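Structure first, then comments.
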Amino acid sequence: MELSEILSELKNGTIDCAEAEKLIRVAPYEEMGFAKLDSQRKLRQGCAEVVYCSGKKDEYLVEIFQKLYKINGEVLGTRASMHQYELLKQYLPDIVYDEESRILRIEPKDKIRKGKIVVCSAGTADIPVAKEAIHTAEFFGANVTPLFDVGVSGIHRLLGNLDVFQGANCVVAVAGMEGALASVIGGLVTCPVIAVPTSVGYGASFGGLSALLTMINSCSNGIAVVNIDNGYGAGYMAAQINRQSVKDN
Amino acid sequence: MELSEILSELKNGTIDCAEAEKLIRVAPYEEMGFAKLDSQRKLRQGCAEVVYCSGKKDEYLVEIFQKLYKINGEVLGTRASMHQYELLKQYLPDIVYDEESRILRIEPKDKIRKGKIVVCSAGTADIPVAKEAIHTAEFFGANVTPLFDVGVSGIHRLLGNLDVFQGANCVVAVAGMEGALASVIGGLVTCPVIAVPTSVGYGASFGGLSALLTMINSCSNGIAVVNIDNGYGAGYMAAQINRQSVKDN
Amino acid sequence: MELSEILSELKNGTIDCAEAEKLIRVAPYEEMGFAKLDSQRKLRQGCAEVVYCSGKKDEYLVEIFQKLYKINGEVLGTRASMHQYELLKQYLPDIVYDEESRILRIEPKDKIRKGKIVVCSAGTADIPVAKEAIHTAEFFGANVTPLFDVGVSGIHRLLGNLDVFQGANCVVAVAGMEGALASVIGGLVTCPVIAVPTSVGYGASFGGLSALLTMINSCSNGIAVVNIDNGYGAGYMAAQINRQSVKDN
Amino acid sequence: MELSEILSELKNGTIDCAEAEKLIRVAPYEEMGFAKLDSQRKLRQGCAEVVYCSGKKDEYLVEIFQKLYKINGEVLGTRASMHQYELLKQYLPDIVYDEESRILRIEPKDKIRKGKIVVCSAGTADIPVAKEAIHTAEFFGANVTPLFDVGVSGIHRLLGNLDVFQGANCVVAVAGMEGALASVIGGLVTCPVIAVPTSVGYGASFGGLSALLTMINSCSNGIAVVNIDNGYGAGYMAAQINRQSVKDN
Amino acid sequence: MELSEILSELKNGTIDCAEAEKLIRVAPYEEMGFAKLDSQRKLRQGCAEVVYCSGKKDEYLVEIFQKLYKINGEVLGTRASMHQYELLKQYLPDIVYDEESRILRIEPKDKIRKGKIVVCSAGTADIPVAKEAIHTAEFFGANVTPLFDVGVSGIHRLLGNLDVFQGANCVVAVAGMEGALASVIGGLVTCPVIAVPTSVGYGASFGGLSALLTMINSCSNGIAVVNIDNGYGAGYMAAQINRQSVKDN
Amino acid sequence: MELSEILSELKNGTIDCAEAEKLIRVAPYEEMGFAKLDSQRKLRQGCAEVVYCSGKKDEYLVEIFQKLYKINGEVLGTRASMHQYELLKQYLPDIVYDEESRILRIEPKDKIRKGKIVVCSAGTADIPVAKEAIHTAEFFGANVTPLFDVGVSGIHRLLGNLDVFQGANCVVAVAGMEGALASVIGGLVTCPVIAVPTSVGYGASFGGLSALLTMINSCSNGIAVVNIDNGYGAGYMAAQINRQSVKDN
Amino acid sequence: MELSEILSELKNGTIDCAEAEKLIRVAPYEEMGFAKLDSQRKLRQGCAEVVYCSGKKDEYLVEIFQKLYKINGEVLGTRASMHQYELLKQYLPDIVYDEESRILRIEPKDKIRKGKIVVCSAGTADIPVAKEAIHTAEFFGANVTPLFDVGVSGIHRLLGNLDVFQGANCVVAVAGMEGALASVIGGLVTCPVIAVPTSVGYGASFGGLSALLTMINSCSNGIAVVNIDNGYGAGYMAAQINRQSVKDN
Amino acid sequence: MELSEILSELKNGTIDCAEAEKLIRVAPYEEMGFAKLDSQRKLRQGCAEVVYCSGKKDEYLVEIFQKLYKINGEVLGTRASMHQYELLKQYLPDIVYDEESRILRIEPKDKIRKGKIVVCSAGTADIPVAKEAIHTAEFFGANVTPLFDVGVSGIHRLLGNLDVFQGANCVVAVAGMEGALASVIGGLVTCPVIAVPTSVGYGASFGGLSALLTMINSCSNGIAVVNIDNGYGAGYMAAQINRQSVKDN
């Protein structure tokens, strides 16, 4: 209810001051004691709240998944363990788990996906992060085309697949080590590129810092960067851009 | 000309092997000796090449601006000095300079702008970077609404202006010091947010590193980050997203 | 005994030179061989010495707890393991353990608490550090109101609870990842804010460094920062400020 | 006006819906085009907005000082240049400038100061930052006792002045290089200590980073840290604590 | 003279003990008081000592250049100022100065160059460092082919010039900002690549650190890295490799 | 097949347009679903693709080794576990494993090695990295002379072995802790030196960063640096240089 | 044998050229294949070589200990495990192990110690590093007085023990966290202070980096610093200084 | 006067309580308002206080130099400008200035120097720091032998001068860039080595950080490190060690 409506209803006597105050002040979250569940995010931001599973206690996790599933009819969980999957499966039998990306998904079978996102990764070790981006983008309504193992040390692999980028509304570029993939792609495509540095590497890769700096300093246009290993964040933003870019949305 | 066309013409005898080879190998740039001007970027990427003016020699700058203006009918220059403006004005009298953001623009008077981008900045010292983003986004065809001085230390200034974000296809959030603005905005809007850390601050701000880390670690969804003080990069990507988001494009 | 008193007594012959020298030089600690227990800190600083339990040998830990309990009638232990709790419980049956914050408390049942401190945390993963602050502040005589899960990515959760801050003498703001919570609170309350960065996060959070930098660079007034995950230090200082602020102390 | 009052007046018909909406949404700042002046901060937070002068344009600076002086009857400016002082003196003849700390103050002659703060500094080179803290704390109503040149390399200078700390409600400890002063003081006093690292030093002091880390890692209780060279921030928070600690406030 | 020869001559009585001791201990450098000139490096290492000019006093510089010219018949000076060039020109009229790379060269007109090195640079701002590499490699006897402005943001510029690498014994890849050029080239050529990060960039490029990390973490084979802006070091090593690679050397 | 040949054959009618397009666009890699195997690298770059074994799934590893062995008749695997060795031995009985360097080698018994590389290491703890370099260089056709435990803290051990460097085409210098070995060797030999920092050390060695910085800042000529612990990379590049340096290659 | 003696003997015919060459070139170490044991260090540097045990293979460790014991009649081992102690005890039954500092010592029972070193530590957690320094200094002939738990947060514990420093030739100051102990001691004593930062701490102590920076930036005179946790290095250097300082040495 | 004496005199009635208290509490420094001059340091620590001149106001500098000269008959000033020298010369005509090291010295002509210190530097650019060490060590009573330009890139220059180290009580090793000099010297001499990293270098030398890390991680025994460019600190500590080592002191 809009503020002007609330005030009108108060003026009209439909509601009294206490009710009006409560409505204006109403907290758009569900108090669970240990957390304030953002139950109205789907309404407010167009995307339901997502559960970061890592480290969550079993009973909390079950409670949160059940509540969100009830509200939204779908739940996405990130950084989930096999144990958490097996636990949740008892309560939500339709839940699906991808061990590589540690993603949990439960969603309507007939969810419609639109548009196109390309998720590229540089090396095979970057695939788990790339898959986190893919699952997230699909969950939020995007068609996703993966393109793995196209790192710049053998650039013919990327150049031989340029047609994959045709029609993409957003590209997610996932790379560890020196992270140069994003810059090269940025120079080849016309849509925005979300760059995801990964912690893949050793020595002076410093847990992904090197790839992060590479991507932040990219001399190509149309590139922005998310946190190290944050496939989820890239997939979310790519889905936002994709949704806005689909003509009939 | 597409590869298949070239091959067909060769087959048909319209062109010979040497011509075909040249066409396939053709370098889509203009060799200037000191630089390889990306003269076809507008065709290839939808945006003309932009001139990073800082440190360019006078004669090179004039030559590049003239060539790009001839090809594209418009030029955007970043990090330009007053001296460079005065120099170029002799050759390109319609060129416009914004001293605060150090942007040079020359473009058709009747350029049509579409959609909506909001460019927010946290403090008054962040305005030059914000203006670089604004000029860039406008140059690449976006309508831009500025919202300055809405840093989180007085959050009522931001909350009192939430209606500004209505209808935006992208938000650019510019902030130095602790750079918390992007996270707060990320939680309030439904469109993507491009975060720009600035070098504003002192002591442990480490030239913008602190703000960069804040933004990269943001717990809000739909945020990606560009380099410190890179208003241009944010404006470019925001314009990309905006262009894709406009329904009748 | 004050220096002037000691000298007067010497002058008067109540004590002799050796006694006077000993009194002047007296070491206000208890030598335990492996440690110098600050047995008079409660007198000197108003707060008894606290035991950092992590890594302490069993026999040492028991000895220290028993001695401090004898001197002060209460002991606070931080970073304690379940094993250490079970060990100490055999000697001090009234000891209480909070597994989440790893705090050990033994104190008089009728301890009076005064004033008001609010301890806020950004995410559920920050709760252990927040609880360390709460236990510490309570141990040192403050009433504490917790306010969890009010991170800036959903700022309505914080704004919907502003009345919680009414009457607080100090706020402790606990946050990991980008750590923006402290700045926002700093702009909303009139009392001092102690900011505690946590090591919660991944990638470029660098074990809490990112949140630490955010808080140190805060553009809000009235914020000072303690070490990463140092809930104890924040709780201690908040209790100091609270104690000084209570009118009838 | 409180929300409940506004709603009551609407209910009573004293105001209409439009007025009520405006009052609820009212922005407590003054729009100046280039800035949003927080004109009600004194009411809201107990302290008027302070002007960070460095880099402000002359005309803006004059306008801001005049407006704040009109609203609050006093203004504090930090990081001001001699030129800015001379400029403002033309409009506000009573303004006072301290060249060392670069502080501008204009305030009622009969301002009452209460309580006690001690501001210590380690070396003579730290004095400008210490003075920034002193001016700020005085401006916000505290009595301040300075204690300069008591660095730990000659600890007898500090130990010979312990009586200075008697009755202090807060200590500000300012030190560069290795920044050990705060830890030593923290172990000697009973009130909170605000530690200010300074950029004084060379080589591995890394512009104050070393002192900042020392202070953040302090093993003493009751210490919290502000940004490098942030004498203002320390003075502000010390004044807050002092104000709360004065019995008859 | 070899050790065995010295000992034989001593045995034979050609020299006496003192002479033998002196010959064994002889310092292969020329003591100049302020420096120990490595006058025999050309014999020992195949390359004459090079003069790092920056900051050298005028009289020292002249003395060193004259001495080295006398010994070797050629001198290379790096990081020289225009003033130093003008000074040295009075004594060594054949000296040549390249203002962009700040290189001073004096050498025989008929110096023979062999083999082939390619020196690539990413952006126009990297050219000074690239030229330092070129002058150095030429001075040490290599033919050098420059290839400028082939940064990865427009990779067609590099791919359109792949034939330039034909027959190269070593490639020097010079790049600032994100420094991705070396990785891409490393995947395209068969000879070793010496990567030179430059300090070109801003924000999170941290004076070349970002490019350095990119290059050190390169996933391509056959790449090793020298210091930031160290065109000299890369040119020297490339010339070493080239000299060894020329068949008839 | 060269481009000109393809075009001639098309012109001649030997192939049709579709075939020509396929040949031009042909991806010189083998798509394996999970990876794009660079099957033609031996032809293109003179060295077959090497398998980074760490973390590879069993079935993938077996498949890759078998395919590469079939194509090239030899395979080199790095960072392999004992388990992986035992697995692969079932399929490729001739495979050899060095537990210290974790290298897997399978190659023709009569492989001819040429030239000379010296691989030095500073301490005994650096030997695993040195051995990775040795195995790699041997695999790619070089004769290698090891020289272990010649760190600079007892420089007589290095100086007593200078004759080992006679005739070397490249030196690999492997050192952790302060990493000074490379600089000293760089001043003693005439051939290029590839420096490998190792993660050996503790405290301020920061996982090899200290040694990396030492080597990058080396004041000796003819030194370039690879990543921390990257014995493979150094061995590869040394073999490249050695191969080019052998007269009759 | 001195060089002049060797040459005289050659001249005199006592030895021939081959013998002379061998004596001049003689490597003052024992080649063990896996290591070059510095068997003559005791003669050359006054202190026998010490064994860094961590990670050494069992058979190597036994061989090295036996050889060094045979040469020097004493051995010091650092960073040894309980397992290594039990292993070596079978071969060298007189060996002694201190579990806390992980030091192995075998030495003559009647070793004479001279002079005086004081080894101070800040907290109880710093004791293992302090004990490494103590064992090392004793092994190399110094009397050592320990002074534990005198950190600066309760400076009366240090000040009450100033008489301990009387007559010391060197002080070793061991401290983690903020590491301020060295600066305070440096201002109180007249002899040199060797500062040892430890990795004790959490959060922003960054594994001892904070304490290292504090000590390197110390404003006190007569302080130099060794690596984090390097009790051995401090004990060695303190013993050197002590040995030089004893009047009748 | 010792504490026992004071107490005896009080007991005897020679002094009264007030006098006794004053004597016990007496501050061993001279209050100068802007500073607390440590006038008794020469008595307490054996070395007079030294003046860090950089940034000191003219009037303060003159006052301090005059007071210290009056107390001690000698003064050492560090980091002094030519202007400061000319200023002080008017008041203290015997003052001597070394422009390179920026040291000011005024001392008795007949000061006796004892023992021997060697101060080595790696490159000519390190000489100013080396000279600061030399002047300081001489001022505090040591004979000093300089040995310049013996960096490890041409190690024969160092090895050819080993006899210089004969009889030294301490070596100061000054080096920038990779800072390897200290490690090599540490393995060659028997006395303690004080290592001084310098800010000489560029790129990844990071203002001396690289050299500092090299020295802190040195694998040689008997090395400790002072701050970057801190020639004074090294000279002071070397003089301490030298003074203690001279047999007849």
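A few notes on this one:
Chains here go by letter, A, B, C, D, E, F, G and H, matching the order in which they are written, and residues are numbered from 1 within each.
Definition applied: contacts are C-beta pairs under 8 Å (C-beta built on N, C-alpha and C of every residue); 3 or more make two chains touch, one makes a residue touch a chain.
The shown structure was predicted, so the numbers you read here are calculated from the model rather than taken from an experiment.
In terms of the stated touch criterion, the partners common to chain D and chain F are A, B, G, H, listed by label. In terms of C-beta pairs in contact, D-G outnumbers the other of D-G and A-D.
Chain E maps onto chain F through a rotation of 180°, based on Cα atoms and reported in steps of 5. Residues touching across the chain A and chain E pair largely coincide in numbering: over half of the numbers involved belong to both copies. Using CA-based centroids throughout, the chain positioned farthest away from chain E is C. For the pair chain B and chain E, the distance between mean C-alpha positions equals 38 Å. With each centre defined as the average position of its C-alpha atoms, the distance from chain A to chain G rounds to 54 Å. Counting only residues that touch two or more partner chains, chain H has 25, 154, 203-205, 209, 212, 216-218, 221, 227.
Two chains count as a pair here when they touch; such pairs are A-B, A-C, A-D, A-E, A-F, B-C, B-D, B-E, B-F, C-D, C-G, C-H, D-G, D-H, E-F, E-G, E-H, F-G, F-H, G-H.
Looking at the complex, you find that chain B touches chain E at residues 25-29, 34-36, 38, 41, 55-56, 60, 197, 199, 207-209, 212, 227-230.
The touching residues of chain E, when paired with chain G in their complex, are 3-4, 7-8, 10-11, 16-17, 20-21, 24-25. The residues of chain B lying in touch with chain A in their complex are 44-47, 50, 169, 189-192, 194-195, 212, 216-218, 221-227, 233-234, 236-237, 240-241, 244-245, 247. Residues 122-123, 151-155, 159, 177-180, 183-184, 186-188, 201, 203-206, 209-211, 213-221 of chain F are the ones that touch chain H when the two sit in their complex.
By the touch criterion given at the top, residues 124-125, 127, 148-150, 154, 156-157, 160-161, 202-205 of chain F touch chain G in their complex.
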